[in-house]
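Reviewing the structure listed below.
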């Protein structure tokens, strides 16, 4: 299948299978990393995204390959969804030369692949809003029809850059999508304690743009609203603020004891992979998962076997030329 | 010292905070996760004792946090804010280096204005380029703030006690790698290390090492190693970068006739630049060789633990530089 | 009269007279400064507020003396309204030791008088939002019932600090008033070109706080809405966003040729002093104006006659003690 | 020089911009008032020629502006943004010193990334403590950016031409007091002053003055004054602060054996600290006296014109320091 297929509002069977495959790869990486961290071989900081994969997978499925993605980086659903392979991701998490950043990125991920529009992350949360607007403006100036999507968490919606950027993007009708994954937590602080609104989408009103709330555990629902937002953006109608209600299954960071959370918090958890799986035959789902697990395992082993980066890596890529 | 306990660096800061908060209602603490999580443990239990009115979690908004501190300070409170990471000084630059630093000056006011801004700084095995920086030089360049960097648990307590009594805003840099290091800490609630006073951690005659924070311990190790070669380093822990204890520094340099600066912050236009420039200005004719700098490499900090370790001074680099200083 | 009188929702005759007197003083300072700048004796940067005085006068009349004011500083209505005398203002504009900042402030004003709650200005626009929140939090922690008011322009509503601060102030129901003077311009850029909304008050919805629009040329109307907002704040009901529609009569800075503005732009101007004057007897208004002009003139002459500050002023007030 | 015209410093920057924009569609200009007002005149008429699609007024949002530049740059455009005032570097610190400076590095990418960030810097008779700062030292400490400060109209054009062809982000500091100063400017559309090259503005033998920006002219005046006393200063205009032209600087210092730095930025931990520290590190045994610094006082800048003038180096101070350097 090619990426065009998934740009229709209801994805076809192939598109759903691709989404499932990518979600399964993400899940396999999540499980692999969780084990890796438990085994204590990890120098970076890993923010697990297991259970929160549907938003990234659903939203990226609605994007064209050359659309610009800026992600926040709980897990890796966004990067995998946009088309990155497991190898550069795992290589990176293990700090190996084959990783996307060649050893410079890691747990607070900085994976990128400009050739498929994965533009990267800013580890100072909220810093990518204006960058995404810059990419959107570039697209507008060149008339390419590309859109830019900025993914962020509910806590990160408090950053001033959220406002400064949307003031302009909405005034100028830039092809920009704000995509919030609201998991109701910022580390150990419940959102409601530090936010005047449960719904991040409520901020849309002030900017006179649509604010859309969607079930973020349901990849197809996310796909749908993102497709609509992108269509608006490409038509020159400006930004949309999408809020996906998602579930943080694990601690903030790998190893977080989560003393701050009720012991039965998992009762309301719905698994996004299972949800999406209902749209596939049982066999197909099992096959895709098995394949994903195997792919990830071999990428993991290859990365493990690799030598550490050369010392002079530290002086590379600072200046071009 | 009279009565001491073995306490971690972060817990020592916490002791100072707790005892000050018990006595002084105007102190409150604010930052991301200070009530629910704690900044690597320093204020554990703070919210339990003082309630979430005085120990306040904020949302993700460093500019707000620092600006709020400035506003609360001019309204007569003593805010203590934890900025999470030194790197985030650049997110709240206006609030810290324009507002906190010069609000009084630009309004022509001579009034107390207390605020403690905590910046955990430095590498910690893979926190990456935007969560590992040593940004203390900013507080040296922009006037109006006091700047401290404790290197021991005792100093963490003593300088925090001092910061909480200081009528000027203080940038309090806590060192990430020292957070859970234990030390003998005076039990005295009012244990006080004056801001602006350095101390000699090791007396010596061959050369003076000016250092602070994370580099005190490797500098002392280097000194022990070199002692076997007959090189006898004096190691000064500056503790405060604003003001710097110039009398202590210059007396030592005039005696040893050689000086080097060691810090984790990046070299170019870092704290060592000022220290070296000032020493040669003031003591040029006492110097037998140039003031050397051993400092962080001028690159962002990679997340990979091994690559990261290459970016900051090692004991071996300090030893090599000291040999060059004394023999070369 | 004392300040308690003006805290009722409809100000009594004395309160109106005081507002008029203060507006007349502001006007006289504006006229005096305009002349002074034309005569080229001015080193600072003066942002004229003539014609835009009603908002500051009306809003400050609704405040108690110990309420905290952070202003933006187009003209001096806010400082005069809160009770500052002409002498420290003019002394300051002329850079004299008698000025509130002793020569350190000036055209981008930094007048303050903590004894009457005039807390000052940040010349990086939008920087006072969080400061005002800090003062509001101080008031709450001490239980004094004071409120804090942050005054700002329509352009300055775009700053990220606007958002970061209101997220918290609204979540925590801080006694904070946002007071926007919307004159539809930021220097030479029309607001509508860089803003998704004509009404700054529209942002209130996202924070779930009241957003109130008021005729900013009408001091009594401003007084009314501010009184209500302050009552809410004191009652623990949280912030209000007030937007006063005002008129920028002059250029952005003194001397601005305003090439960017239509030649007939003054046609819709309504003078706030005249508007407020209709609530006074003609004689009383004329007397108050005459008195204000004389007071300002003598303060101006006294400041002119004063010697420049001592050179060592530059080293003072940097550190306390 | 072949063909030159008398042009103001700001208009010379504008010439470079206009000719580059005519040839290169990927360049656009953004900032507060760049379309409607202009940054003190530099881009007058720019919006008329290129339209408001490419010459874009923004709202009051420095962090957005700089972040947008980073995003547009990685999307292949060449943004030119005017930040209004050097002081505002502290409002957009994260965007400039984390994002523009290290986006590529932290993503492990070796790709071009062009962006020109214009910072008008320095006093201009009463703009006050938050509109007068020289903040160029920030770009020296945080790696990943190039940093220039032209001191003449010709350099303003030549360095802007270079910046617009540079595959790395450039902090372009324009000097407020020079904005309307005229100079002979080469008519050539491609007049190019390479980034990283300083120049000798006055050859001399007694001592080397390292300066740039607003202090070049007072340094030259001081040199003329001192020439009458037999002191023959060499005055080097650094033009670029990242990278600094160390070969030029060190060759000169090794010849004159004396050096001083003159800049308007505040002294402590300012650009001169790095320059002095580096010179004594590299050329200690060639020096006959300490490297001196004549710099802005370590205070915020008062708005009062007279007080302000006391905060920045005067020709008399430069003369006095040079005398001390050569005789004292």
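When the chains are written out, they are named A, B, C and D in that same order, and each has its own residue count from 1.
FYI, a contact is a pair of C-beta atoms (placed from the backbone, for glycine too) under 8 Å apart; a residue touches a chain by one contact, two chains touch by 3 or more.
Predicted, not measured: the structure shown is a model, and the values here were computed from it.
Each of A-D and A-B has its own count of C-beta contacts, and the greater count is at A-D.
Averaged C-alpha coordinates put the centre of chain B at 31 Å from the centre of chain D. Rounded to whole angstrom units, the spacing between the C-alpha centres of chain B and chain C is 40.
Taking the mean of the C-alpha atoms as each chain's centre, chain A and chain B sit 36 Å apart.
Chain A has residues 101, 103-105, 110, 122-124, 158-161, 164, 167-168, 171, 193-195, 318 in contact with two or more other chains.
Touching two or more other chains at once are residues 58-59, 61, 63-64, 87-88, 91, 94, 98, 102, 105-106, 128-130, 143-144, 299-300 of chain B.
The touch graph of these protein chains is complete, with an edge between every pair of chains.
Against chain A, the residues of chain D that register as touching in their complex are 28, 53-54, 58-59, 61, 63-77, 79, 94-95, 98-99, 102-113, 143-144, 146, 167-168. Partner chain D is touched in their complex by these residues of chain A: 68, 70, 99-105, 110-112, 114, 119-120, 122-124, 127-139, 141-142, 148, 160-161, 164-165, 167-168, 171, 316-321.
The part of chain D that touches chain C in the complex is made up of residues 32-33, 35-37, 57-61, 63-64, 87-88, 91, 125-131, 297, 299-300, 302-308, 310-311. Across the complex, chain C is touched by residues 158-164, 166-168, 170-171, 193-197, 202-209 of chain A. On chain C, the positions that touch chain D within their shared complex are 42-45, 95, 101, 103-108, 110, 122-126, 155-156, 158-160, 186-189, 193-195, 260, 308-309, 311, 313-315, 318.
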